[in-house]
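Input: structures, listed below.
The following pair of complexes shares a single chain, subunit A, combined with subunit B in the former and subunit C in the latter.
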Partner chain A sequence: MNKALKNPLVFTLFVLPALFLFLMFFVYPIFSSIYYSLTSWNGVSDTVKYTGLTNFKKALGDERFWISAKNNGWFIIFSCFVQVPLIVLFSLLIANVKKLKGLYKTAVFMPAIMSTAVIGILWGFIYEPNIGLINKIIGLFGVDPIYWLSDERFAMLSILITNAWQWTGFYIVMVLAAILSIPGELDEAAKIDGATGVQRALRITLPLIMPIISIVIMLSIAGAMKAADIVIVMTKGGPAGSTEVMATYMIKYAITNFKYGYGNAIAVLIFMFTLVVTAFYQLVIARRNERIEY
Partner chain B sequence: MKKSLTMLLSLIFVTSALMTGCGGNNNNKTTNAGEATNAPDATNAAATEEPVSSEPFEMTIRHTQVGADKQKRLAILEDVVGKVQGEVPGLTFKLDGVDSDVNRKEKLRGEMAAGNPPEIFDLFGSPDSKIYAKESKLLDLTPILEELGIKDKFSNLDPFTYEGKIYGLPIGGSGEGFFYNKGYYTEKGWKAPTTFAELEQQLADIKADGKVPLAGASKAGWVPLMLANHLWSRYAGPDVTAKFPTGEAKWSDANVVKGFSKYKEWIDKGYFKKGELGFEYAEYTTQFTSGEAILMYDGTWKSSVFKAGQSGEGMIGKVGFFNIPPVEGGVGDQTALMRDVNNGYGFSASVADDERQLAAVKSFIKNLFNEEMQLRGLVEDGVLPAMKIDQAKLNSSITDDLMSEIVAVLNSSQSSFPAFDSLVQADVTTEISNIQIQSLIGGQTTPEKMGAALQKVQEEANAAVE
Partner chain C sequence: MLRNLKKSLPHVVLLSYLLVILFPFLFVLFSSVKKDNNEIALNPFGIPKEFVFNNYVEAWVNAKISTYFFNSLYISIFASVVTILLGAMFAFAVTRMRQGKWNGILFSLVLIGMLIPNNALMLPIYTIVRKLGILNTHWALIIPYIANAIPFTIIILAAFMRSLPREIEEAAVMDGLKAQGIFARIIVPLTIPAMVTVFIVNFLGNWNEFLLANYFLSNDELRTLPVGMVQFRDQYQMNYAQMSAGIVYSVVPVIIIYAILQEKIIEGVTAGGVKG
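And now, the complex of A and B:
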């Protein structure tokens, strides 16, 4: 096997299928997007007119686009500062339960296997102003009904909570796997030295699972930048565009308006923003926690 | 060495399998296309007395009859499909049901861009069909309609006409007005309002009675815009919207703003269901059928809900319909009704290259666009005919009270005007549907600011056309 792989021809042949797929489904679409982003193509016509950077100038000068970009930012902030701490907390709790660990794992993972459309409908009921669960509960304390999805002040928050609910379980299972792979001796030694449960969690477990947390943050950022389905299902970007994200902006202002050139420019901008944010995260934060060796 | 050779051979096998897999679709298409194009030649060569091949072939119909409320319309389509398959040897139709909005704004556009739309598809007249027609993506139906002798049988083909040629056919028409709860009205001793003041008094009384005067579900902007559109057309004239793209009228004109103001006034008075910005269109109907809302402004297509086996079955015989009464100081015909014939079927331009597909399309048009099917659509589905039908025949076909009321309203209106989205550019539609009307409902804008914002987008869109 090793001998075969040392032969450049065999090596190339092994690489070719993956390379072909990579070029076809990743490199080609990116370059095609960049090409069309410099045109005023309507998505149907065979003739394509070159317009230079007009589409980019238009997007970057559009207040609505920046509202959308800001909402993507909220997704990132909510993921990193609310969702990730919860993921870690629940992972630590589940890792330390003695009974029914499998049940807990299955229960938290359940939302991740449900389709976004189903989750949107489910949470639509929960947020329903008159009969919804949340308003029923807050009603017990005399609080007036909140119009979660139709009030600009709450709509984005409602989506962020739903999105976090959908994906938290998926990441918990990842973090849990990392916690359970920590050699038991480390925890035992700390216990013998008199460390409390909280101390062991903060000083032993947490530092050892930092690489996986870093990956979770990374995936959350990437997911936040391309969020669209949950927004479409829950609010369609409304009320009045207040929950629009870059991907839904692209659909609404470009694709549905026969402005594919503009749509491609937005797609390129999303790609560039994601690249910058993830590169920044990798260079500044993630690199410090790359590897743990026992 | 032997091991390396085995590895190499396996790799080549896997790679070729992969390549074959990836290229499979195209190869099939080529073969089919080849067969299709060669078929007539081969037949001609073999025997001139048998020009039509009966070799199996498939065509796709993209329809939007999905969901419980559209089952009757789907049944009509299925009957037509059965008839066409019987008439065209070898033909099998594949029915592809997709949500109307998804088909219009995403799927069909993507397919048009890629050059592979279904042979027959649900199509919106304006502006969609004109854009596709301009790019030669649609089949010119003019010669087919002339051959079938039905070219002049349609009430209005303008939304599907581009440079004098017809590129689509409307499946039916619709008018928009108020559906009202007759049971409630009878209980109060009221009748359908004939003046605007009477309507407003009724709205106020319903509100005072603790009921919701008007159903509201504005998650999708087009739903509240039905009523808003009719209001600004009452105040500024039925033809005002058509004048926006030409620059003859402005969204910021005082009379247009009056329409927005009236809508805003009704919002402020709490006439619509609270929290409407979070409700889907389906809930709009539910608010009315459940008796929570007493009035619902909607299209005549909604009458199909008040039939046996449908979601509004419990309200059969208890629903009435009226047009918006004349407003004080309104411009133009105050009986004008908002009517549309903007949705129907279009056909891929590629059909013209295949005789058998062309025959299937002719048969489809013949079997779907005729008096019988139009009347079936009216009776079973509540869709107004898109074709001209003898009034006596029309009257004798109508058996339920609601439809009779609708037809009476249509007949009593002196003129009609199409909905704004078939008149203004897509950018303007996006702005008013997604931002402005919801901002007005949510209280983030004023009627004046709304008019100014829309005019700005309108001017940009007009300049882009020039």
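And now, the complex of A and C:
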């Protein structure tokens, strides 16, 4: 009876276009990256010279590469230790207020749908030393103007704050959805037993939303490893390369300086770093959370 | 008294957070109707004494907003629609057709695509696009955008199609419909709600995309809105009032769409969160 749905020709025709694009833009690039990372190709010429692991040795010996890797690390640290506590706090607060819940949710989510490039421009204006919002505010307290984006001490922090400003609301909405899906009886029971609001939040809600917090952390790590456009728009990696991240370092070499082989070695390193960080998180931290839960 | 304080404390905290989110937008909005940098410097927080709308006229002309806006609009819509079509065909084949183990193998393969940090693939994609001879044309963005959104699209649509009852197509087969007919006349109309969600997510992703748009196009007429805005900023850096008007132009359409479709958008984007 279901002959119509067993037609291999139709099946192939339906699957093929998407599969073709997938192979071409996801699978092939991985192998291509690995292959060219072992060469000194400039991206244009016909001859491709095999150079073994030279590119990797060069990258791992380059101080600038480590500065950019460290900045990716700052993205991760900032999201885990600054953003995540704020996300949990704000979502618990929003979940427990009676009025204005919808307004809070809608408003905090808004920056997440905007272009990172435009947000970078907007915050570039806010950080502007002479007329920008932040220096005007701290000026009210008599603090001297700070050159947020052109001072090596503050540039990275300024980017991290902008990034947090854009994405915190997004994660709040995710965690909020998890909190609101917890059955009300649990909270009721604790209330009857005399638990205070803070106790209920810490002992009932928090353990139950651990899995979603874990996802938030995983997504933040993935986002941190990919960060590039915000850096390009706000500082172009400067001042003096102090805000470079791995992706911008890769682009700088491969596209701007025609060191295509070297750029691909960086791409492979980004892959490996992502794998290591995610695996480390999954094995060491996420597992333990799971155990606490039960 | 104490009870009231306890009740209003969360609101105080949340309203301050709201202020942090919304004030930057207000700051830009106010700045966009001020005469020049000097007036912004003298009165940074408030509404200007007299409104100067000239910035909007100048920004529209200088920033070529209309060109960038329509480039972004048609690239984003076109790429999202094609992704949905190809994704729906694939999802239909692997969830509703019967090809034994192939269904599972193909679906898992695409699932892996979600785990790949796509910025790291930018260089090989650049080479592909150059070899195809489409560098510096809109195709250089459209084709990668279509491909890039395929895994997410397939996962969401496949989950939705799987939940449709089997009886539907059994009846259709009895009526003599072939697989193509079942797809076009029965499954697609039923999947529209999921497609709307996927469309919004893909559209926003394409609309906001910066890296490829920045490096794959060098002709000014072809640029998309985010890249055009950055370039406008670099050219008119000293004129913040005009730049603010430019920001307002690029932010307002998104806010309007968000105001109308916020429930759908929040649902879709957080589902797409797995995509990062």
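What we mean here is this: the second predicted complex is superposed on the first by the 262 of 294 C-alpha atoms of A that agree within 3 Å, B and C clash if a C-alpha of one lies under 4 Å from a C-alpha of the other, contacts with A are read in each partner's own complex, and residues count from 1 in each chain.
Simple rule for what comes next: a residue touches a chain if its C-beta (ideal position, glycine included) is under 8 Å from a C-beta of that chain, and two chains touch if they have at least 3 such contacts.
Because the structure is predicted, anything quoted here is derived from the model rather than measured.
Undergrad: Using the superposition on chain A described above, determine whether A:S115 touches subunit B (first), subunit C (second), both, or neither.
TA: second
Undergrad: Once the structures are superposed on A, label A:V276 by its partner contacts, choosing first (subunit B), second (subunit C), both or neither.
TA: neither
Undergrad: For A:G43, is the partner it touches subunit B (first), subunit C (second), both, or none of the two (neither)?
TA: Both: A:G43 reaches subunit B and subunit C.
Undergrad: Hey, is it subunit B or subunit C that touches more of subunit A?
TA: C
Undergrad: For A:A107 in the superposed arrangement: first (subunit B), second (subunit C), both or neither?
TA: A:A107: touches subunit C, not subunit B.
Undergrad: Where does A:A189 make contact in the superposed view: on subunit B (first), on subunit C (second), on both, or on neither?
TA: neither
Undergrad: Touching A:L149 in the superposition: subunit B (first), subunit C (second), both, neither?
TA: First partner only, subunit B.
Undergrad: Regarding the shared-chain residue A:F258, is it in contact with subunit B (first), subunit C (second), both, or neither?
TA: Only subunit B; A:F258 stays clear of subunit C.
Undergrad: Using the superposition on chain A described above, determine whether A:I285 touches subunit B (first), subunit C (second), both, or neither.
TA: A:I285 sits against neither subunit B nor subunit C.
Undergrad: Report for A:G237: first if it touches subunit B alone, second if subunit C alone, otherwise both or neither.
TA: first
Undergrad: Identify the residues of subunit A that lie in both the subunit B contact region and the subunit C contact region.
TA: In subunit A, positions 1, 3-4, 7, 10, 14, 17, 43, 130, 251, 255, 260 sit in both the subunit B and subunit C interfaces.
Undergrad: Which of the residues in subunit A come into contact with subunit B in the complex?
TA: 1, 3-4, 7, 10, 13-14, 16-17, 42-46, 64, 127, 129-130, 145, 147-152, 155, 235-241, 251-253, 255-258, 260
Undergrad: State the interface residues of subunit A toward subunit C in the complex, per the touch definition above.
TA: 1-8, 10-11, 14-15, 17-19, 21-22, 24-26, 28-30, 32-33, 36, 43, 89-90, 93-94, 96-97, 99-100, 103-118, 120-126, 128, 130-131, 133, 136, 165, 169-170, 173-174, 177, 215, 219, 222-223, 225-226, 228-229, 232-233, 247, 250-251, 254-255, 260, 263-264, 267, 270-271, 274
Undergrad: Which subunit B residues qualify as touching subunit A in the complex?
TA: 3-4, 7-8, 11-12, 14-15, 18, 105-106, 109, 112-113, 131-132, 134-135, 137, 218-221, 274-279, 426-427, 430, 434-436, 438-439, 441-442, 444
Undergrad: Okay, in this complex, where on subunit C does subunit A touch?
TA: Per the touch definition, subunit C meets subunit A at residues 10-11, 13-14, 17-18, 20-25, 27-28, 31, 37, 40-41, 44-45, 86-87, 89-90, 92-94, 96-99, 102, 106, 109-110, 113, 116-128, 143-144, 146-148, 150-151, 154, 169-170, 173-174, 177-180, 182-183, 204, 207-208, 210-211, 214-215, 225-227, 229-230, 233, 240, 243-244, 247, 250-251, 254-255, 258, 262, 265-266, 269-270, 273-274, 276.
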